[in-house]
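Sharing a structure, written as C-alpha cells. Questions coming.
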Amino acid sequence: MSKYVPIIGLEVHCELKSNSKNFSSSKNGEGEVNTNLSVIDIGYPGILPVVNKEAVRKSIMVALALNCNIPEKLIFDRKNYYYPDLPKGYQITQFANPIGTNGYVMINVDGEDKKITIQDTHLEEDTANMDHLSTYSLIDYNRAGVPLLETVTDPCINSAKEAIAYLETLRNMFLYLDVSDARADLGQIRVDVNVSLKKENDDKLGTRVEMKNINSFSTVKEAIEVEIKRQMDILESGGVIEQETRRYDEVNKTTIFMRGKSDAVDYKYYIEPNIPPIKLRKEFIDEIRSKMPILEYDRKNKYINEYGISNVDASTLTKDKKLSDYFESIISFGANPKETSNVITGFLLGYLNKNYKNISDINISSNDFSDIIKMMSSGKISNKQVKDIFTKALDENISVLDVAQSIGTQISDKEEIRKIINNVFNENPKVIEDYKAGKNVNGFIMGLIMKKTSGKVNPGVTNMVLMEELKKI
Amino acid sequence: MVSKSELEILAKKLMFEMKDSEYETLEKEFDIILKQMDLIGNIKDIDKVSPMTFPFELDNDDSYLREDIYNNEISFNDMFVNVKDYEDNRVKVPKVVE
Amino acid sequence: MTDKLIDEIRNSLDSGEITSDVLFDEAISKAYKYQNDYNCFVTILDNNRFVSGNSVISGIPYALKDNISTKGILTTGSSNILKDYIPLYDATVYKKLKEAGAVLMGKTVLDELAMGGTGTTGHTGIVRNPWDKNRMIGGSSAGSAASVALGIVPFAIGSDTGDSVRKPAAYGGIVGYKPTYGRVSRYGLFAFASSLDHVGVFARSVKDVSYVMDNIKGYDAKDMTSLPDEDISYVDNLDNDIKGRKLFYIKEAIDIESNSNELKNIISNFKDVINKCIELGFEVEEVSFGRELLEAVYPVYNVISCAEATSNNSNLTGIPFGNRIEGNDVNDIIMKTRTNGFSELIKRRFVIGSYVLQKENQDKLFLNAGRVRRLIVDRMNELFKKYDGLIMPTTSDIAPLFDKASDKLSEEYLILGNHLIIGNFGGFPSISIPSGFVNDMPVSVNITGRVKEDCLVLNMANKLESVLGCKGMVAKHE
C-alpha cells in the first residue's frame, strides 16, 4: 500500500450566461470576430466599468447553492499582469471579498457521500481569445469582459475519481441553476488543478504543483493521475517536489514544467477604485433565493420519497437536468411518476443510447408522453405496446398518439374477450376435442386469440376468462 | 535601500527599460519615500485604521447595478483606426512565447 | 470678446452684436497667435462650428485638456505613446458641453498623462505662463489654464488629481474649481489615480465656473462613482447670504518662519484676504490640524497616486491602440512601445507605484498610505462639523521660473505647498480664486468645503471674489 495520500484542490472557471458583458454593455454570446465590442472591452483610455446586475444575480445564486456566506457589500479588486489577451493590463476580479465564501457541496463517489468544502466563489471577467498560428497570433476581443465565475475548493479532494465527481456535480449545479451552458468543448468551463502528496498519518501538506486551464473533465482525470504518479515516483526515490506550474501534455500523457516558484507573478491585487462598494440588500438576496430552482440532490430525494422511485432510477433521472425537467413536465400532465420513470429508465434511455441520441433529440411533447403513460396505467395498452409505440414514433419521427391510434388499444373488457374466446372455440372444434381428451391446449388457444386480435387483448384478463370458459366445457 | 538590480527587475516587469541615470534618481527617491513612510508607520494606532480607497462612502446598493441589456458600441471597422497590424478582422501580433 | 466674462459674451450673442462663428474664429486666431510663445494646444480645431444648444454657454468656444476623450479627435494625453490615438467615444463631460452648445476649439497640453505639476513634460513641449514667459504656468492642466489666462477662451476643462487645476489656476491669475468627487463624471477622463481624479473647470470668475458646472454636473450611468443628481442651480445660489459662515485656516501652514520675501508677501496677501472675509461677515479661526498628519500628506499622495497610475496605464501596450513599435515577439513589442512611449519621469513613478503594491511591501506602504489618508480625511470631516470651509493661500509661491522647479521628489515637507491634495483625498469641493499680486505675478486663495456642498463653496467663493478685485483678469489684452 502507498504511504502517500493525494491532496487535490480545484479551481473551476465558468462563463456565465447573460445578455451583456460583466462590466460593459457589449454582447455576451455568439458573434463574428471583433463585433461584440465596446471601448471598455478593449481597455481604451478613460473607460470605467459598470457592473452587470444579472452576472451578480447568477453569482449569488451559485454562492447560495454552494452554501456560501454572501458578503454585505460587493467589492472588486484588480489583478495586474501583462498579457496580450488582457487589454486593460489588469483583470477585474474579487480577491479579498469574494461573492461567496466558506461553502460546501455534497458529492457521491461509488455510493458514498462526501462533503467538498468550498473556499470561495468569485466574479471576474474573461480575457480575449487568441488564435496562435505558426508564426503569429490573432486576437479577437469578443470574449474580453465576459462574466466568469471562479469556484475554488479547499484542498480536500483525495483522488481523480473524487475530482471528477465534484466537477460533474458542480457542472450539473450550473445547469440546474441555468447560470451557464457549462460546455467544456466551447471553453465555457475550464479547470485549474493543484496536486500535492501528503504522508499518511501526517498533518503537514506536501508541496503543491499547479496545472492550469484544462478544458475537459477526462483530461483533468488523466492529468491528476499522471501527476500523482510523477510525484509518487519522485518521493519514493527520495526526491523533493518543487513548487511549480506544469502543463499536461495529452499526447504523451505526461506533465511538463512551465514555471517555477521564483517566476511566480505578483499580481499586486488592490481594490478596484472605480466600483464603490455595493450594498447587497436582504430583499435582493431573498428574491434570488426565492427564484432558485430545486437542485439535483433535492430533486433526487423527492423522487425517492414522494414518488417511490428507486435510488438508482432517481439518480439516473436527475443526473441530466434536461431529462429531469422532461420527466417533471410529463408528470405535470398527470402521468403516474413511477410508471413514467420506468418507461424512461427501462426503455427510453436504452433506445437513445442505442441510436446515439440524447434527450434533446426527442420531439415527443411531454403532454403526449403523459397521455401514453395514462393509457398504459388504465390498461388500454400493454407495456410492450408502449415500447412499440415509442420505437415506431421515434424511428419514423411521427406523433406517438397517431402511432397509438393505428396500433389500436388493448382489449381488457372481460365480456368482449369472452366473445372472442367463444368465436375461437367455434372456429376450432378440434381443439375442444383435444381439451376433452385431457391435452394441455391453453398455450395454443392463447396463440390463436393473439393472432385473431393482433395481440390487442390484455393477456392477464384473457387467461383468466379462458380458464373460466374451458371449465364450462 | 532599494538596489538598482531590484529596480531593474521592477522596470522589466512593467515592460519598459530605463536609462542608468534614471535608476540613480530612483534610488534617491526611494530613500526619501521609505524614510517618509517609516515615519508614517509610527503614527499611533495606525494599524487600527482601515485603509481608505474611496474618498467618501457612497450608499450605493444593488439597484445601482447595470440592467443586463446589450448594445455593441463599436466593431472592428472602428477599432482598426488605432490598430497597427491586423488580419481577417483580428489584431495581429508576432507569436506569443509562453 | 473671448477674453470677456460669460454674461457679457452671452449678451453680445443674444443681441446679435456678434455671432458664435465670429467668436470661434477669434478664439482660433488667438490660439495660433499665442501657440509659438505659450504652447497651449496639442490640437487646434479650426473647422469646428457651433451646431445647436440653448444654454447660457451655447455658441461659446472653450478648450479641453488633451486627456479627455473626444470621438474622432486626436487625444494624446501629451504622451508619445498616444501621439496618434483617435478615441472612438466621447467623454461624458465633452458630451454634456456639446449638448449645451459650447464649441470645442482645441485640445490643450498637459504634463504627460497628467502626472506632473510643471506643465513642462508634455510630448509637444513646455507651456509658458501668460504673465511671464520665463515662468511656468504649472500643471498638469497647463494648456487649459494658460488658454483662459491668455483670453483665448472664457473657460476650459482640466483634471485635478493632486492640485492640477487649482495650482495652474493660481499661477495664471484665474479661477480653478475641483468639484466634489463624483459630481462630474470621470467617464472618458484618462485615468491617472482613479480614487483621486476629478474633472475640473477653469474660468475667469466664480460665476463663469458655476455656469459651466451647472451644465456638466450630474449622475452618469457610465461612472459608478458619480453622485446622484441634485435639483439645484449653482449660479442661482451664488449670492446667498454668508453671514455667520465659519472658515478656518491651518496654523501649521501659515505660522512659518521664512527668509523668503515672496513667501512673506504671499502670507501677508492671505492675511488681507482673511480681514476681507471678516468684513464680509465670515467668522475665521486659526486651527491646529496636526503636524504629523500634514507632513504625511505628500508622501501618502505619492504612494497612492503612483500605485494607481501604474495599474491604470497598463493598458498602454501598443496592441489594441497606441504607438506600437515593432519587435521580435509580443513582449518585445510591448517593451519597445513602453520604453519609447513614456518619458523617464513617468517610468520612475510607475516603478514606485509597482514597488508599493508588491505583496511584501503593500501593507507597510500602499495600505499604510491608505490608512493615513483616512486619518487626514477624518480630521477634515471633524473640523467640518464646526466650520463650513477651509481657507488657505492656494500655493506657497508664485509661478516658478523654469530652472527652479523639478518633478523629482524632495525631502522638504512643504505643508503650505501640499494642502490642496487633502481636497483629493476626501473628494472635497475646492476652489482657487486670484487674490492679488506678488512680484507682479498673481497669487491666489483657496476655499475647500464639505463633500457634496459644491453649491456652498461656490457661494462663499463668489462673495469673497467680489471684494478681492481680481475678477475677470486676463494676462493679455488685445
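The letters A, B and C name the chains in turn, as written, and every chain counts its residues from 1.
Simple rule for what comes next: contacts are C-beta pairs under 8 Å (C-beta built on N, C-alpha and C of every residue); 3 or more make two chains touch, one makes a residue touch a chain.
A quick note: this is a predicted structure, and the numbers were derived from the prediction, not measured.
Here B is the chain whose Cα centre lies closest to the centre of all protein Cα atoms. Two chains share more touching C-beta pairs than any other pair, namely B-C. Mean C-alpha positions place subunit B and subunit C at a centre distance of 22 Å.
Per-chain Cα centroids separate subunit A from subunit C by 57 Å. Taking the mean of the C-alpha atoms as each chain's centre, subunit A and subunit B sit 40 Å apart.
Annotation for subunit A: residues touching 2 or more other chains are 39, 42, 50-51, 82, 84, 137, 139, 141, 270, 273, 276.
Among the residues of subunit B, those in touch with two or more other chains are 15, 53-54, 58, 60, 64, 66, 73-74, 79, 91, 93-96.
Each of the following residues of subunit C touches two or more other chains: 85, 88-89, 195, 221, 224-225, 310, 317, 319-321, 330-331, 334, 354, 366. In the complex of the two chains, the subunit A residues touching subunit C come out as 39, 42-51, 78, 80, 82, 84, 87-90, 137, 139, 141, 266, 268, 270, 273-276. Note for the complex: subunit C touches subunit B at residues 84-86, 88-89, 181-182, 195-196, 221, 224-225, 227, 292-293, 295-296, 298-300, 302-303, 310, 317-322, 324, 327-335, 338-339, 342, 344, 347-348, 350-352, 354-355, 364-375, 377, 408-411, 424-427, 451. Contact residues of subunit C toward subunit A in the complex are 67-69, 75, 77, 82, 85, 87-89, 91, 186-191, 193-195, 221-225, 307-308, 310-311, 313-317, 319-321, 330-331, 334, 354, 357-359, 362, 366.
Note for the complex: subunit B touches subunit C at residues 2, 7, 10-11, 13-19, 22, 25-26, 28-30, 32-33, 35-37, 39-41, 43, 46-47, 49-56, 58, 60, 64, 66, 73-74, 78-79, 81-85, 91, 93-97. Contact residues of subunit A toward subunit B in the complex are 18-21, 25-28, 31-39, 42, 50-56, 74, 82, 84, 130-141, 258, 270-271, 273, 276-281, 284.
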